[in-house]
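Following this message is one structure expressed as structure tokens.
Chains: A, B and C, in written order; residue numbering restarts at 1 for each.
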Amino acid sequence: MKLLTFVHFLPVPAATLSELHDIGVTAGSTPILRGVDLVVRPGEVLGLFGANGAGKTTLLRVVATLLRPSAGVATVLGVDVTSPQRFDIRHRIGMIGHIPGLYPELTLGENLDFAASVAGVAPGGVEQALEAVGLLGAINRRAGASSHGMQRRAEFARELMLERDLLLLDEPHSALDQDAVELVNGLVGKIAAGGGAAILVSHDRGRVDAVADRSLELVAGSLR
Amino acid sequence: MQSDIPSRRWPWFAIGIAVAASVTVAMLSPADAVQGELVRIMYVHVPAAWLAYLAFGVTLIASIGYLLSRNLAWDRIAASSAEIGVYFTGLAIVLGMIWAKPTWGVWWTWDARLTLTAIMFFVYVGYLALRRTTDDRRARANRAAVLGVVGAVQIPLVHFSVVWWRTLHQPASILRPDGPAIQDPIMRVALLIAVIAFTVVYVSLMVKVAELHRVNDAAQAAEAGEHHPVAGASVTAPGLDPGVGNV
Amino acid sequence: MTPSFTSQVGAVVKRDLRRQRRRGDVLWITIPFGAVALLLMPLAVGTDAGLLQRIGPGMFWLTVMLFGVLVTVGRASVETQAQRDAASLLGLDPAAGYAGRSASAAALLLIYEVIVGAIAVVLYDIEVIGIPWLAVTLVLVAAGLGLLAALGASLVNSDSGGSALVPLLVAPLSVPLLLGATQAYEGLRLGSSILEWMLLMAAVVLSVAVVGVITARPLQES
């Protein structure tokens, strides 16, 4: 699988890629996160663990600038996550959640075609990306008719196509066979080597510890 | 739970005085030469309709205020005003129908103003329904503010369309949808007093309803406060008893 | 390569129309529903030919307003949170997303209008006159309703079944379009001026487009 073709390097490494100070998130009247402090530096691969309902996905969405914290200050790629400028940096953040974000009616190729068009990637990138993840033969298969593992691979193909400085992965190894697991680890490693960073949320300590530089645990809404 | 937000009492007094004044002038003003005692409905119907337009106008201003500042206080004002507006629009429509049946022989007529009022009623019923179905506080404020602006921007266009339509379809009968022209100066003064009284009622209700929203928001924030356990704390490690079930 | 606003709009339109083509909600659910409504109305008001010919155009436009808006709430139109997040992180400008969804909704509405319109002409024996102006009317209504429906869809939580609220939000605001369309047809039939009705509908399209684009970013906040 050809990864090197796709990984792009940050022109000038920043001191930190993301800084969260005393972050709190509530859903209605239910606190999910409280007093979270987190710094993500260039070149880091961070593992994030925690029990069910601990708020791991919520934390990822804050870092992705998709969820506005109710307390604290968060900056990602130098931008306050509550400021209007957050829309301008979102294309530099990749996220693959545990629920696929593909459109089931569209084929895997069409899903990536949509991503390429929106992100301004050259049209040829779709086939290259799918080939890199071993899905070129399934380019015309509908996402809804593809297995969970295939959809995850397709989402990794999407991330391969795009220039990301920060990669956020929720359960990155789930539903993947060994080849695909190595693909994920390779991608994460290359992004970090290029000056980016990755955060991996997982229950699979063994696999994440193999690639992560450090690991943190969410307990009672805070990081340890 | 005791609220830290002081509960103002003066709005209740103001409402009491305003209602008393309104009822007094309605009962003391003379009966109409044509409508008789039925004219007294006018002293509630007209101010209620005025109040509805005022309330929705405030909702528009507060919605813009929220979108510019993201301050939830503006959202509380918009919501409070819309609630009051919907109730008084409904009141104006019902009273109008009660007045119309003995006067015109029909419960409803497709007069431009009535039609516009009915449409506005449903626009803001939709606004309130949207607020009810959005759980997240910030999302509720954002969405309601957008609808508050869109709805208000469309109202003038709805107004023109209905007026032009009615111009084309004037009834041949001698129905006077605009209602009687008020000749008697005492009645005019009485109506003015009623309008002022209802405006006082609106302001007073706004204070109390906005206070209620503030208390709700504060209660929600307090529930999510430092002493409240986070959601994840309710999940513990399972402890399967070997004697339970077939395990 | 920095994507342009129009290329992002184009990508969204392509996505939505592809999804619709595969799912077939509009062709197999919304259009038949509108046709059934036209079929049921004479059963409720009487089958007098003269009456039906008089109310036919209005009944058609009413089905467009009430059922056409459903093009934005079918399975092929709603997005899950995961899909919205993924699109957001592609750098999709919220305004481009709104413009694209509105344009695809308008295209689907136009298809609805043409097919259900033809059924109305047959069932109600409606006279088809002033075809160029009728075409303009169809386009203006499709555009205005598409913009309103897309805005309505972005205001609700489609994940938790909030889509049922969209018709209630859109219907009262679509009155100028309803009156504009019906009165424009009447004007064509009677040979009187229809300019003010066309301008009214165009004003709806413009005002909703402007407000929708301006408020697209605030609406995306969680």
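The definition used in the following text is that a residue touches a chain if its C-beta (ideal position, glycine included) is under 8 Å from a C-beta of that chain, and two chains touch if they have at least 3 such contacts.
Computed from a predicted structure; not experimentally measured.
Comparing the chain pairs B-C and A-B, the larger number of C-beta pairs in contact belongs to B-C.
Nearest to the common centre of all protein CA atoms is the CA centroid of chain C. Centre-to-centre, using mean CA coordinates, chain A is 36 Å away from chain C. Centre-to-centre, using mean CA coordinates, chain B is 29 Å away from chain C. With centres set at the average Cα position, the gap from chain A to chain B is 45 Å. Residue positions of chain A touching 2 or more other chains: 68. Counting only residues that touch two or more partner chains, chain B has 135-136, 138.
Residue positions 221-222 of chain C are each in touch with at least two other chains. Per the touch definition, chain A reaches chain C in the complex via residues 61, 64, 66-68, 84, 87, 90-91, 93-95, 97, 99-103, 105-106, 110, 114-115, 117-122, 142, 155, 158, 162. Listed in rising order, the residues of chain C touching chain A in the complex are 1-3, 7-8, 10-12, 14-15, 18-19, 22-23, 76, 80-83, 85-94, 217, 220-222. Those residues of chain B lying in contact with chain C across their complex are 67, 119-120, 122-123, 125-126, 129-130, 133-136, 138-139, 142-143, 145-147, 149-151, 153-154, 157-158, 160-162, 164-165, 168. Interface of chain A with chain B (complex): residues 26-34, 50-55, 68, 70, 218-221. Looking at the complex, you find that chain C touches chain B at residues 151, 155-157, 160, 162, 165, 168-169, 171-173, 175-176, 179-180, 183, 186, 196-197, 200, 203-204, 207-208, 211-212, 215, 218-219, 221-222.
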